[in-house]
């Protein structure tokens, strides 16, 4: 739809070009004094059209560069409402700039929407700031060349600004969104059909080790699920990993302490723990109060958990899920009691503290990966796989793109841009 | 993890490693307090990140529209309050039209205070030279809504005056008409949100200021030009105070920063010395035992 | 009933999600108008969401006081301070200051909320120092790298560090600008892929934990 | 100095000190201040939300400009509150479905453009530069982030860290080297963040101490000094009492 109107306009512009030449000739002939004084030629091949891919109220003017364009010569863009232009010289000057400026190559068009080669002059008129451009109203636009006192004006060209229904410049964005969406769906459906390989997360070995040590020492294990509620992926991951930890503590007969700051998360975790003890064949060891609610206030909760750490001296502390400023208060106290500490969080601001104060840390996405690895749920595993493919694609683009960009400089060629433009954010 | 030596066998290094943390608390408290009472005034170098913001404001012609979003709460006051004071002083000195606002509800009172205070000091008038829009809920939705229609997002300013028709907002319909925006962010919504939901579509130039916690995470945006400058933490604030030639609380705090940072570095080095000496001892004992 | 309870919400998510994702690619004023209205609505709904968050707190402490649970006195303090603030706030018309003069609401803000919140986080200054002393050990190559980078940045960010070792300033600039930026960029890309994947799953109904509770 | 400012100084000093007592140990003074903090900040949020949402975003536009369409978001907001009626709680899902739907829809294209495309665009750079007059050059400067050397370092960092977060590929052979490079880069970034955060946290402490120093001024009646003594005394008394009550528990 959009393309069509564009083409129509281009044709209009082209037929107009012939007229410009003709009129320019006539102008020169009729105005013999000007002709005698200067060789200043009017702007050639003027094309005016509705700026594509925008919300309206804008027109774009294009014209060919002249061989003698320089800073001493200036271009003026002239505008008037309506189709009839009795006197082009009386049109309103809406812009004026040196003739060696405003090229298509300076604008941000990607190659698939670029209306002319890079060496053409380009100016975009916009509604506002002294220019009024109404949608669905026809305007006459032309360009004048000025050198000192001399001014030659090309024949005005008509165009109508209008709002567009699609921003073609952002098609790469849409394409990538669809492509990535497709990849995720494909990966999830594959995961439903067959097992997808996930590498073993080293942190999970550390979990087993820590529980073993707690058993040896006869001390309890402390497990925290983070600050968010059950609707957050980090809390879900923490709950899944709790299932695994509970299974181990059940098998070894180690005490498990899970203080909570959200009642719903607590209820869910109770179910998970119970299930784990059942699966481990030790339902008699399960205690309902191993999951308990403290408070939802950040610092009261922290103070209470710190107290538990100091009094009960757990042999292992697990910090899974999302944490805020309380992270350091918790892990620092935990470290002071000599416990093995294992953390897993997607809170990137707190990661440095977990990494320094804990013996093992699942960094960012590793938390989700660990949970997918344990749960084997197709949607989780498939999403992880889909993201891996997405990352692989991006890695490929980075590699190929850098090589092409370097080649482009080395061999002074333009074609690598065809590839690079696809991965640019252009609007 | 190394609990080989216990009780009587504890060496000096091990005992030092297990020192009561309240002693460290005391050291840090003193390192902060003393330089505040007896400042030294060490010179502060200007970094290119901070200069980016300063230079851009310097380049703006008089009457340009400058939007300052104070997206922080009292918890980040020591870092971002001095930044906002310096930025406002600079903007007012350049006679820019200032639009101030906040996306953090608990920062509203502080934001109002700082802008009223600086405006009074610079002899600026509310409604004519500046406007404080206050707070509105919705976070990122507020940014998009301002980008579409500023008067829809904030029908009235903080004092309840209708925003439509205020002289300071003349010719400003939405974020597209803003020349420069700076978000002083302590978290989310903050600088990132202003890029993703603001500049990405509405094309104003954007600068950032943030707490030290946020700063390292904003460097990719700085590198890619998504923000044209970054004032990071108290150090950034101190640099800005020096750039505009009005030293304030940030510069005053830098001596204390120097002292505490050095104290922590010394602590880290000591920790590792003790750690290695006790580990070596443990190893030797292990070898003797075997 | 299942249709109303389960399918309709999923349908709403699907439609709004697709429409507002597509809106980005449509510059037409009609589409922009839709975005304007929707974001204004979100602002208003955001207000109600705050009420929701606050009221759960209300509830938890009310239960504590009623049952006289351990530490219910603190819950009582919380209630009194909250109701007091609300009363004073309405009395001051929700303004901290009128023409630069502080109101009673502004007094509570300045002399209670600001110091309380500020100090709450200032405690961390002590803990970060103690963590640096007690756990910042070069136990492995990775830990050693982290430690060195941290020390360099700490040196380079303060005037005294730059004064003692002039190189530290440039070095910390380089670490932040190049090494740190590249890692943050990779994390950003990874997290963004995750965000997009999650959003797509939500829109197409594969992720529905936001509807609350896995059980019907 | 106005009397309310002096009282304010005393209150602020007292609350600041109460919270700092947490450094000694968790105690009733800290708990009191903490609950006060939660109460005040919640109350503050309620007042602000009412003033902004009900008055300025709903009431005034409807009454003064007749924007009746705003009743739609009000209705959606009301739906959220059905959460408290167990039988009708499912209706609140409509509201959440709307918010989450719009949020997800808005996020997808914007995240791709700001955090994926923009970041790729800035990472993919030519490794050599064409300098007019000198021809193709490779720049070695470490201090210029845009130099060729740094371009390579950034490329290596981004790629290796991205690879580290691959979960469906085993990290063996050359992959192991890449993943290890990735983890080293990660550790450097964490170190930098730790270093920077030290500054952030110290700033907060500086801010609080600056206030305490200000309040130790005679014009306020030196609340900092008086209250510091009082707080310490209270702590001593309390720890005496608790230790005489529970002689066994000494932590």
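For clarity, chains are labelled A, B, C and D in written order, and residue numbers in each chain start from 1.
We adopt the following convention: a residue touches a chain if its C-beta (ideal position, glycine included) is under 8 Å from a C-beta of that chain, and two chains touch if they have at least 3 such contacts.
Given the structure is predicted, the values throughout are model-derived calculations rather than measurements.
**Student:** More C-beta contacts across B-D or across C-D?
**Tutor:** It is C-D, judged by the count of C-beta pairs in contact.
**Student:** Taking CA centroids for every chain, report which one is farthest away from subunit B.
**Tutor:** Taking each chain's C-alpha mean as its centre, the farthest from subunit B is A.
**Student:** Just curious, how far off is subunit D from subunit B if you go by their C-alpha centres, in Å?
**Tutor:** Computed value for the inter-centroid distance: 11 Å.
**Student:** Distance between subunit C and subunit D based on Cα centroids, please, to the nearest Å.
**Tutor:** Measuring from centre to centre gives 5 Å for this pair.
**Student:** Report the inter-centroid distance (CA atoms only) between subunit A and subunit B in whole Å.
**Tutor:** Centres of subunit A and subunit B (C-alpha means) sit 24 Å apart.
**Student:** Distance between subunit A and subunit D based on Cα centroids, please, to the nearest Å.
**Tutor:** Subunit A and subunit D have C-alpha centres separated by 22 Å.
**Student:** Can you list every residue of subunit A that touches 2 or more other chains, as numbers and ranges?
**Tutor:** In subunit A, the residues touching two or more other chains are 170, 173-174, 177, 180, 299-300, 332, 336, 348-349, 352-353, 355-356, 364-365, 391, 394.
**Student:** Give me the residues of subunit C that touch two or more other chains.
**Tutor:** Within subunit C, residues 21, 24-25, 32, 40, 42-47, 49-50, 57, 74, 95, 109-110, 113-115, 117-118, 120-121, 123-126, 128, 130, 132, 134, 136, 143, 146-147, 150-151, 154, 157-158, 173, 176-177, 180-181, 184-185, 187-191, 193, 196, 198, 200, 210, 212 contact more than one other chain.
**Student:** Hunt down the residues of subunit D that sit against at least two other chains at once, touch-wise.
**Tutor:** Only 22-23, 31, 34-35, 38, 41, 44-45, 48-49, 52-53, 57, 106, 108-116, 118-123, 145, 154-155, 158-159, 162, 165, 186-187, 189-194, 196-199, 201-202, 204-205, 207-208 qualify.
**Student:** Over in the complex, which subunit C residues touch subunit A? Could you list them?
**Tutor:** For this pair, the touching residues of subunit C are 21, 24-30, 32, 56-57, 60, 74, 120-121, 123-124, 127-128, 130-132, 134-136, 143, 146, 150, 187, 189-191, 193-194, 196-198, 200-201, 204, 206-207, 209-210, 212-213.
**Student:** Inside the complex, what are the residues of subunit B that reach subunit C?
**Tutor:** 17, 19, 21, 24-25, 27-29, 32, 42-45, 47, 73-78, 105-106, 108-110, 112-113, 116-117, 120, 136-139, 141-142, 144-145, 148-149, 152-153, 158-159, 215-217, 219-220, 222-223, 233, 235, 254-255, 257-265, 267-268, 270-272, 275-276
**Student:** State the interface residues of subunit D toward subunit A in the complex, per the touch definition above.
**Tutor:** 22, 26, 30-31, 34-35, 38, 108-109, 112-114, 116-118, 120-121, 123-130, 136, 155, 158-159, 162-163, 165-171, 186-187, 190-191, 193-194, 197, 249, 251
**Student:** Could you pull out which subunit A residues touch subunit C in their complex?
**Tutor:** Residues of subunit A touching subunit C: 53-56, 163-167, 170-171, 173-174, 177, 180-181, 184-185, 188, 230-231, 233, 236, 263-264, 295-296, 299-300, 325, 328-329, 331-332, 335-336, 348, 352-353, 355-357, 364-365, 368, 379, 383, 386-387, 390-391, 394.
**Student:** Would you tell me which residues of subunit A are touching subunit D in their complex?
**Tutor:** Within the complex, subunit A touches subunit D at residues 170, 172-174, 176-177, 180, 196-199, 201, 297, 299-300, 303-304, 306-307, 310-311, 349, 351-353, 355-356, 363-366, 369, 372-373, 384-385, 388, 391-392, 394-395, 397-399, 401-402, 405-406, 408-410, 412, 420, 423-425.
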